[in-house]
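Here subunit A shows up in two complexes: once beside subunit B, once beside subunit C.
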Partner chain A sequence: MNNATIEASNLSKSFGEKQVLRDISFGVSPGDVIGVLGKNGAGKTTLLELVLGFTAPTAGEVRVFGHQSYNLPGQTKARVGFVPQQDELLDQLSVADQLRVIASFYPRWDAEMIARLCADWSVDLKARVKAMSVGERQKLSILLAFGHSPELLILDEPVASLDPIARRQFLEQLLTLSADGQRAIVFSSHIVSDVERLANRIWILKEGRLDWQGDLDSLKESIVRLHIRGAGSELPELTIPGVLTVQREGAFATAVVRDWTPEAHQALEKSASVQIEVEPLGLEEIFVELHR
Partner chain B sequence: MKAVARLVYSYFMGAPVTRAFTIVGLVLLAIDFYMLTALPQSGGTLWAAILGLIAFFTGSSLMPVMFGRLARSHSIRVLPHGRIKLLASAFITTVLVALPAGILSLAAFTSGVSVSKSLLVLAEDPKILAFVLQATELTFTSSFLLVCWLYLAMWFITSERNLAGFIKGLLVVMVAIFAPAREIRDLSVSLVWNLQQIAAIWIVFGAGFLLWPRYRAAIARRGRSRFASFGNKLGPGISGREFDLLLGTANPWLLIAAQVCPIVIATRIGYDTPSVWLYYLTIFSTVAGAIAGQAAERSRALWLRGDWSRDALFTQVERAFWRHNSYVLGSLLLLMVGIGSYAGFSVTMLAAGLPLLVLGTVLSTYLGLMITRGLRTLEALLGVGVMLSLMAVSVLVASERVDLVAVITLEVCLAVLAVVLRSVARRRWTQIDWMACRRDRALSARGA
Partner chain C sequence: MFILNSQSGIPIYRQILDQVRRMVASGQLKPGMALPSVRDLALRHTINPMTISRAYSILETEGLLERNRGRPMTVASQSRNHSQLPKRLLQIEPLVKQTVMAAKQLQLSEAELVKAIRREWEQSDE
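Entry: the complex of A and B
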């Protein structure tokens, strides 16, 4: 048996007629911090909830720590932490009671770490959950997912309701957690800068497929903007491999391409007698270009 | 006016199920109107009217749900005259739903006293005309009042979906049942009294609804509400197993209190007809199980944190609900025995009534546990069918000449239905899909 945290093969999920995920395969190993990006409705939540076994795939399979996710045994669940998009807190309890209730489900609970995080994040243990703001509730949801030091942490848009300071603290905590290389973190977010800062691997979902999966550096090397200058007053007809968008103006053209390689660069310069400058793109620009 | 009309239209036609009920209701009412005006009166005309009115009312059941959601939304604050339009739409809907009873009453009385079935002929005799019009006005206003109470109960129960909501809903149901029953007993119903009640309800409700934002703003300026501090006092007393806390079955005493309070108030009103009590207690027995409808949604957090398969989780959830419901049902059965001695229940009535309460709780619990993919047509129809069956049995049990064989047969049938519902619930839980059972997400709209 290998030590993969998650293994998914040919995963598909439909809701009635609507196919949300199509034929997705991926693997997650300890040490991976995976940022899941996608437009609204791309299937991010569905993908995460399939991994957690909340729903069964229409086709394919997901295995978490070697077990089919739909039938996870208790010991495996104790190795998983989850922060849902919408919190599932008990309004009638105090923060301390809420923490105690959830802690009671786990054989291991790092009360010391939670106490420290509560202090760092200004979470009032005596506060009543129903009186908390959306951001405070989100902080508490995150604490509940951290407490048992999970080896797999899945977070569905965890920072959407947090203020910039809390977001930074949260990201720092995630970095701390991921630093030992023993655990895997999968999180979806619309805040691309956070993904860029934290993730070492990126999944980009588009129309139900994993349009990109790989490490961040490879993504940045693969999808770039080309500034092309022709020798004369007009740019000749160009056949640019892997072009996503192109804008031409006289002797100049700007193109965004994917799967760009030094070989492709040399071949294009030679065949069209043009000069090409490569501009690396930020993750947000890459995301936008992939969705044009 | 356009917004109000659109809202009213949406209440009746907004969802396929309500649209179907509205159309069926209107068709039945039209048929009944024809029968009343063109054919000799019979028992069939009464049943067509009852079914038509129930279907038409059910067709408008989106009103309290939409009203509650819009009233609590942020958008109502920015919509021009949003609150007034919303209130107007609720009033118009109530009038529309109450109107058929008045019209049918007018048709029935007219055809009953006039051979030519024409109001013009009646107009020749002022006394008869006055009687017919008075009866029509009474029917309309009584129907209007009943519809108001029922909407209010539905609003509390659907918008709050917690014990506070159930308590408020039960109080309103109690008023809706006992007030008219008492008026019938005392022959105290009058048009003026009905109009006074309607005016009081709508002035209080309307003023409260329109002034609520100002009240909240004032409270916010002053710090916090006195009610909030009362809530905090309740908090530390909360206890129970962690499983029950997550599932919402930790504290049966709140629900017991929710049942006892209205019953105590009802006894103070002084009503003592056994049939009404039995009817009322039967409704209560179903409320005890209704919280099971939220079990599937709440169980997601449990599944992720415990060593349970989906099948084992159902067993745990079922146990938790029976731990909870046994207290509630036990108190209800004790109440029934107490009320039985107070209201003079016969031994037969007690013997047949006690199992009926148990069946009410069992059926509603398993109906609730069956809801693993949101409330869909099948569950809604089953719910209505079960309620109507329980009501029918309670009417049979309370009738003067009880047909014990029929009652026992029906109760056995309901018990068999409970076993079937349990097996369906269990099968559904073995395949529970937590993406599909969350009420805040429509399945068809799911993308991410």
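Entry: the complex of A and C
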């Protein structure tokens, strides 16, 4: 037995005629924090739902703690926490009652941590769920997913409605949870700067495929913008390996490339007798460049 | 002690590598001095702890840092990190490269660039 938290192989999912995910494989280990990026409709929510076992794959399989995800035994389910995009709170309850209901499902509920977080995040225990703002509801759904100290935490757009201060508190709490290296966190977000802080690995979904998966550090080293300068007044014809986009102007060219390496750099400088300056790109720019 | 920018295109682990190497080379970090723990740094800067561990491991392999059981990592006492000149020069190479490229774009001569550097050097000594 290995101790992989999630193992997915050749996952595909169709709804009727429409294929949403194609041939996706990945592994998640304890300690990983995975940021899932993708345009609207890229398949992020469907992918998370497959991992959670809310729906069965059309092909391939995904295992969570060694079990088929859509057939997860009860005690394995208790090791997973989930924050859905649309909260599933009970409107008629107070915050305290809502917490009590969820806590009653879990023998390992950490009431002390939740009480502390409620105070830190200014969550009013007496408030009626019905009367709460979207942001307050989001905070409460996050608390409900944290309370049983899950070993796998899955969050689908958890912070879309939180203000910057609440988001930062949430990020700090996630880091605290992940710092012991025992837990895995998978979260999707359009707030790229949060993903950049929190994640050590990135999945970029594009039209139902995993267009890129790997360390955030390697992503930033491999997708870069090159500023190329020729010796003469006209730049020679260039074959740039891994080129995504290129713009030429006289003796200059600007190109965005993937899979860039120091070796590729030296080889191109030598073969085309040009000078290359590498401009590193932030995650948001990388994301945009991959979608041009 | 570190200036870390998670939104920069330069990965966090590289930012840490560069800063520790520079601080050790310049003597700001002296042998035996303790570095902040991975957990403290992660929480203080709100960044993923794995990227910090990665930087520390690389620095350990390079002989710059020493791992101590149950205690924070420290700057290695070896004389080898009393960086020899070539190693320190290597640190500044990217900046030199950039400056030279900028000078060429501005069509400055080598002599003019050297003169400008000398002037800056003397001014910062005053």
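Here is the rule we use: the second predicted complex is superposed on the first by the 292 of 292 C-alpha atoms of A that agree within 3 Å, B and C clash if a C-alpha of one lies under 4 Å from a C-alpha of the other, contacts with A are read in each partner's own complex, and residues count from 1 in each chain.
In this text, a residue touches a chain if its C-beta (ideal position, glycine included) is under 8 Å from a C-beta of that chain, and two chains touch if they have at least 3 such contacts.
Given the structure is predicted, the values throughout are model-derived calculations rather than measurements.
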Key: Fit or clash - subunit C, subunit B, common subunit A   = fit
Ask   = Just subunit B (first), just subunit C (second), both, or neither: which does A:266 touch?
value = neither
Key: Greater residue coverage of subunit A in the superposed arrangement, subunit B or subunit C   = B
Task = Could you say whether A:122 touches subunit B, subunit C, both of them, or neither, answering first, second, both or neither?
result = neither
Message = Looking at A:93, would you say it contacts subunit B, subunit C, both, or neither? Reply first, second, both or neither.
response = first
Request  = Determine how wide the angle is at the CA centre of subunit A between the CA centres of subunit C and subunit B, giving a multiple of 10 degrees.
outcome  = 160
Ask   = Thinking of the overlay built on chain A, is A:41 touched by subunit B (first), by subunit C (second), by both, or by neither?
value = first
Message = With both complexes superposed on chain A, which partner does A:224 reach: first (subunit B), second (subunit C), both or neither?
response = second
Task = Report the closest approach of subunit B and subunit C over their C-alpha atoms in the superposed model, as a whole number of Å.
result = 26
Key: Overlap of subunit C and subunit B interfaces on subunit A (superposed complexes)   = none
Ask   = In the complex of these two chains, what residues of subunit A are touching subunit C?
value = 31, 33, 168, 171-172, 175-176, 178-179, 181, 193, 196-200, 216-217, 220-221, 224, 275, 277, 279-285
Query = Which of the residues in subunit C come into contact with subunit A in the complex?
reply = 6-14, 38-39, 42-43, 46-51, 54, 98, 101
Ask   = In their shared complex, at which residues does subunit B touch subunit A?
value = 228, 231-232, 234-236, 238, 242, 245-246, 298, 300-301, 303-310, 431, 433-436, 440, 443-444, 446-448
Note = Touching subunit B in the complex, subunit A uses residues 15-16, 18, 20, 38, 40-46, 49, 52-56, 71, 73-75, 77, 80, 82, 86, 88, 90, 92-94, 97, 101-102, 104-106, 128, 130-131
